[in-house]
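Presented sequentially are two complexes of subunit A, the first with subunit B as partner and the second with subunit C.
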Partner chain A sequence: MNIINIILDFLNLENFISNIPNADVQELLTIVFVFLRSDLFFKILFFPGIFTILIFVAELMWLELKFLAKVQLRVGPQYAGRIGGILQPIADFIKLLFKESIVPEKASKVLFLLIPIMLVTLAATTLTVIPLSETDVISNLDVGLLFTFAILAMFPVIALLAGWASNSKYPFIGGIRALFQQVSYEVPLWLSALGVVILAESLNFTSIIKAQSTFWFILLLPLGAFIFLVAIIAELERLPFDIPEAESEIVSGWMAEYSGLNFGLIMLSLYIKLYFGAALFTALFLGGWLGPSILPPAFWFLTKTVIVVSIIILLRGVLPRFRLADLLQIGWRRLLILSMVNIFLAITVKLVLF
Partner chain B sequence: MSAIYFSVGPQHAGSGHFRMKITLQGDIILNAEPDPGFVHRSVEKIAETREYLQNVPLIERQCLSDVSSVTLAYAMGIEELLGIEVPPRAQYIRVIMCELSRIMSHLYWLAIFGIFLGHSTMFMWPFGDRDIFITETAEKIAGARVSYSYIIPGGVRYDLPDGIKEHTLKTLDYFQGRLKEYDAIFFSNPIFKRRTKGVGVLSRPDAIRMGVTGPTLRGSGVRGDIRKDEPYAAYDELDFEIPVFSEGDAYSRSLVRFREMEISSSIIRQAFENLPEGDFKVKTRKKVPEGEVFSRVEAARGELACYIISDGTRKPYRVKMSTPSFRNLPGFSLMKGSMLADLPTIWMSLDYWPLDADR
Partner chain C sequence: MQISYLSTAEIVFILIAAVTLIAAIIALEAKEIVYGAVSLGVMFLGIAGLYILLDANYLAMFQISVYIGAVVVLILFTIMIVPREIWLRRAFRITPEVIAGILASLMLIGSIGFLYLLTPAWSLTPSEAPFDWSVRRIAQSIVIEYGIALQILALVLFAGLMGALTLAKVEEKEEETK
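Then we have the complex of A and B:
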């Protein structure tokens, strides 16, 4: 019995449906209501779906504002929401909601307006396979890791499209940079994840996390965890790898022409991606929801995710930006070779321990 | 891929009131042409319509991050025309103010350099510390925060207030501790070194040929500093060294400024130790005798020269300022052939300040 069922029972809409004369419409609406009352819809809408994610991501934004402010000896957000400006991201989003969304005259308008929606949709799609606990997962895919791989591979293309659709020079350079960076860092990212797959013998996230019940994989594959963290930061375009958005060189990169709600949606998608990246690291290396059973498993999962996000935010506070050429050199010459070594180590660990 | 042309500025996140015309082929800058003049306020022309003393607040506005040195060059010129001797106490106070001004200017540069390289902490820290200098020392000594018009022909406007020595030394103690933290988080950062070493190399002959000044010149291995070459105020009585690095890249230029902040702190300490008693200004006439004079000082960004022609009236016939930012402008040609990612590094390593260059 979940909250949606309670509301639907209270409204008692099924009685109205039975009064509808047209049988086809009646059948269709019945199917809709069966879906609305299903467990899946609750998961998509509330937990661990959209509602939880939005609140969690908004508080991640707040965590970034506040944590970075502490690093930089500032106060940070203070007023919105009384307790340390905890509602600041929501206030920011409402502000963006009321601002004008400018579409450049020379832009490809349909594509330009589609891109923020595509970004948010794709970013939210990745979260369907991440399990917060054994039961709290929207879709327990057997090829979950492969699925996230496929979705992540679409982001550089969208960044390039955004740069192209803006028909402006800074976004275009930013789009090309995003393409270079994300495509070349996907290789070490998934090669280091392959070490986990070898140990867990599965692409399913639930099985991967269950396989870590004795040892977290970060203890067995520290090298792989390091490569994965570096590569996921590059995928997320965060400092020190925020080259596609370098504001002192190319203003804001591929999102330079976006404003108002469109910009808000892009920022939302970037922060959902941040949550997703940290959640992926948690699931693959930090044992997911595993932890003392005093508290619910979802609590452990989210706590570990927040710790990973904090590490990513701290790096933003202490490191300057890389150059694109340096970044590509590190990616292809160091991380690729190290991730090969990591696969070799994973096979050795597998043969020795299991 | 064909070359694309775009301009960085005047409405760019990092440009200020300034424009760079960039031609980009792939990731390599084929041509970089600076386009100054967006904030030309005709300071020199307005100066001809005002009296000598009224010009002090006007002229200091050409470079608000380094106020004392600009007004000092102007005041020194007029004192030479009048043939008056400035009392030694005023000379020492001038040194203190100039070095405070140098530290504040370098902190400003460090903050902008930090954010140009994507280091937001290095943006916040120096700005915060600069504010301590503004409120704790400049405001207490001169009565205003930034544009204080403190150095005037004949001396300084007010004597030092009581207890300012302890106050300033306390601020400097804090500041020198902070410099170590700057070094740890920024100047010793491997990514910072990777981004600045070997970038925008200005060789010693080129530096002399282009006529660049200040830290840009000293970063290329030339020991050129007006404070030593042609000592003014009380600099010849103080013991300090000039940091010189011979590599000529962005890293050595930034290290020159970083070392200078340390050295300026020690100069201020010495000036407070040796501060003589006596008058802090002498009376000056409003009419300046006919003549021409050339005076120069070492401002934070380099050599700042002032050329004044007087026709014997209350107003100057001509005031010509040669500002360090304008003289460092040829350094932007270093961008040719470098990567686009090196553009902000080279840009800020020259410490270009559009207001200073355009006047």
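Then we have the complex of A and C:
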């Protein structure tokens, strides 16, 4: 019995449908209502799905504002909401909602306006396979890990297209940089996750997390966890690897021309991606929902995710930005070799322990 | 009035196929080459969707990550690096080549359709025991049943890589001598 069922019972629309004379329309509407009442729809709309994630992501934005301020000895947001400006992201979003969305004159308009939508859709798609607990997962896909990587592979293309569609120099440079960075860091990302796959013998998130019930994989593969964290930070374009959107060099990179609600959507997609990256790290290395059973499993999952996000924010507050050449050097000459070593270590651990 | 008798899978198939075909045509005919590259990506996505409809999830994921994550990225890179004037197209004209192309494609479609009508094995009824498409089964068949083919494939790819490296090295040397 979920909240949608209660609302539908209250509205009592089925009664109304049964009075419709046309049998075919009646059948079609009945199918729609069966879908609305199904568990899947509740999952997509509420609990592991859109609603929870939106609230959680908004609070991640607040966490970033506040925690970064504390790191840099500032106060941060304090007026919106009673506790430490906790409603600041929502206020920001409402502000962006009422601002004018400017499309540059010589931009390729269709592509320019499509890109924020594509970004949000893709970012939300990745969340369907991340399990908050054994039952709270929208799609328990047997190739879930591959699916997330396949979606991650599409982001740099969209970043480049955003830069191209803006028809402006800074966004274009930002787009090219995003493409370089994300394409080269995908390789260590895949290879470091391969160690986990070797230990868990599965590409499905639920079985990967269940395989960690004795040891979290961060204890067995600390090297792999380190490589994965570095690579995911590079994929998320966050400091110290925020070269594609370096404010002091190229304004704000590939999203410099976006304003108003379009900019809001891009920021939303970036924060969903931040949550997704942290959740991926949690699921692969920190044992996902596993924890003492006093509290529900989803609580443990989200707590671990918040800790990972905090580490990423702390790095943003502490470290300076790398140069693109250094970044590519690290990616291809250090991380690639280290991830090969990591695969070797994973096979060794597999042969010795299991 | 009757609601159509198509099953959900068939409706989804028709939609995906239509998107794939339209994207393929745009990919060939777009005036702006970047739009061509984008619709090529959409076409690859459509093919991945067809694989998912056929229960081949693993293949679909690799289709997306290899073709969009690598091939489209490479094409976009090339477009961005090469000066724009090269990509400008001439106006579309009906030349003998175009007519020959249309005739050849019609013949191909006709012969495939003829084959489809001839063979009863192409009927759309699902087989009794569905094939096990799990990743474990695929891994076993790749490593155990087709192990030698896999090794040879790896050798071929390695040779290709070495060849590319050698070519790149030779060009560098020529530049140095100049």
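Odds and ends about this structure:
Quick note on the criterion: the second predicted complex is superposed on the first by the 354 of 354 C-alpha atoms of A that agree within 3 Å, B and C clash if a C-alpha of one lies under 4 Å from a C-alpha of the other, contacts with A are read in each partner's own complex, and residues count from 1 in each chain.
Going forward, a residue touches a chain if its C-beta (ideal position, glycine included) is under 8 Å from a C-beta of that chain, and two chains touch if they have at least 3 such contacts.
Just so you know, these numbers come straight off a predicted model, no measurement behind them.
By the touch criterion defined above, A:E247 lies against subunit B but remains apart from subunit C after alignment on the C-alpha atoms of chain A. In the superposed model, A:V143 makes contact with subunit C only, not with subunit B. Contacts of A:N22 after superposition: subunit C is touched, whereas subunit B is not reached.
Contacts of A:N12 after superposition on the shared chain: neither subunit B nor subunit C is touched. By the touch criterion defined above, A:W164 reaches subunit C but does not reach subunit B.
By the touch criterion defined above, A:F322 reaches subunit B but does not reach subunit C. Put simply, subunit A uses no single residue to touch subunit B in one complex and subunit C in the other. For subunit A in complex with subunit B, the residues that touch the partner chain are 68, 71-74, 169-170, 173, 239-240, 242-243, 246-252, 316-326.
Those residues of subunit B lying in contact with subunit A across their complex are 4, 6, 12-14, 24, 27, 114-125, 128, 185-186, 189, 191-192, 194-195, 339-344. By the touch rule above, subunit A contacts subunit C in their complex via residues 22, 24, 27-28, 108, 111, 141-143, 146-147, 149-151, 153-154, 156-157, 160-161, 164, 176, 179, 183, 186, 201-203. Residues 1-3, 32, 34-35, 38, 41, 57-58, 61-62, 64-65, 68-70, 72-73, 76-77, 80, 134-136 of subunit C touch subunit A in their complex.
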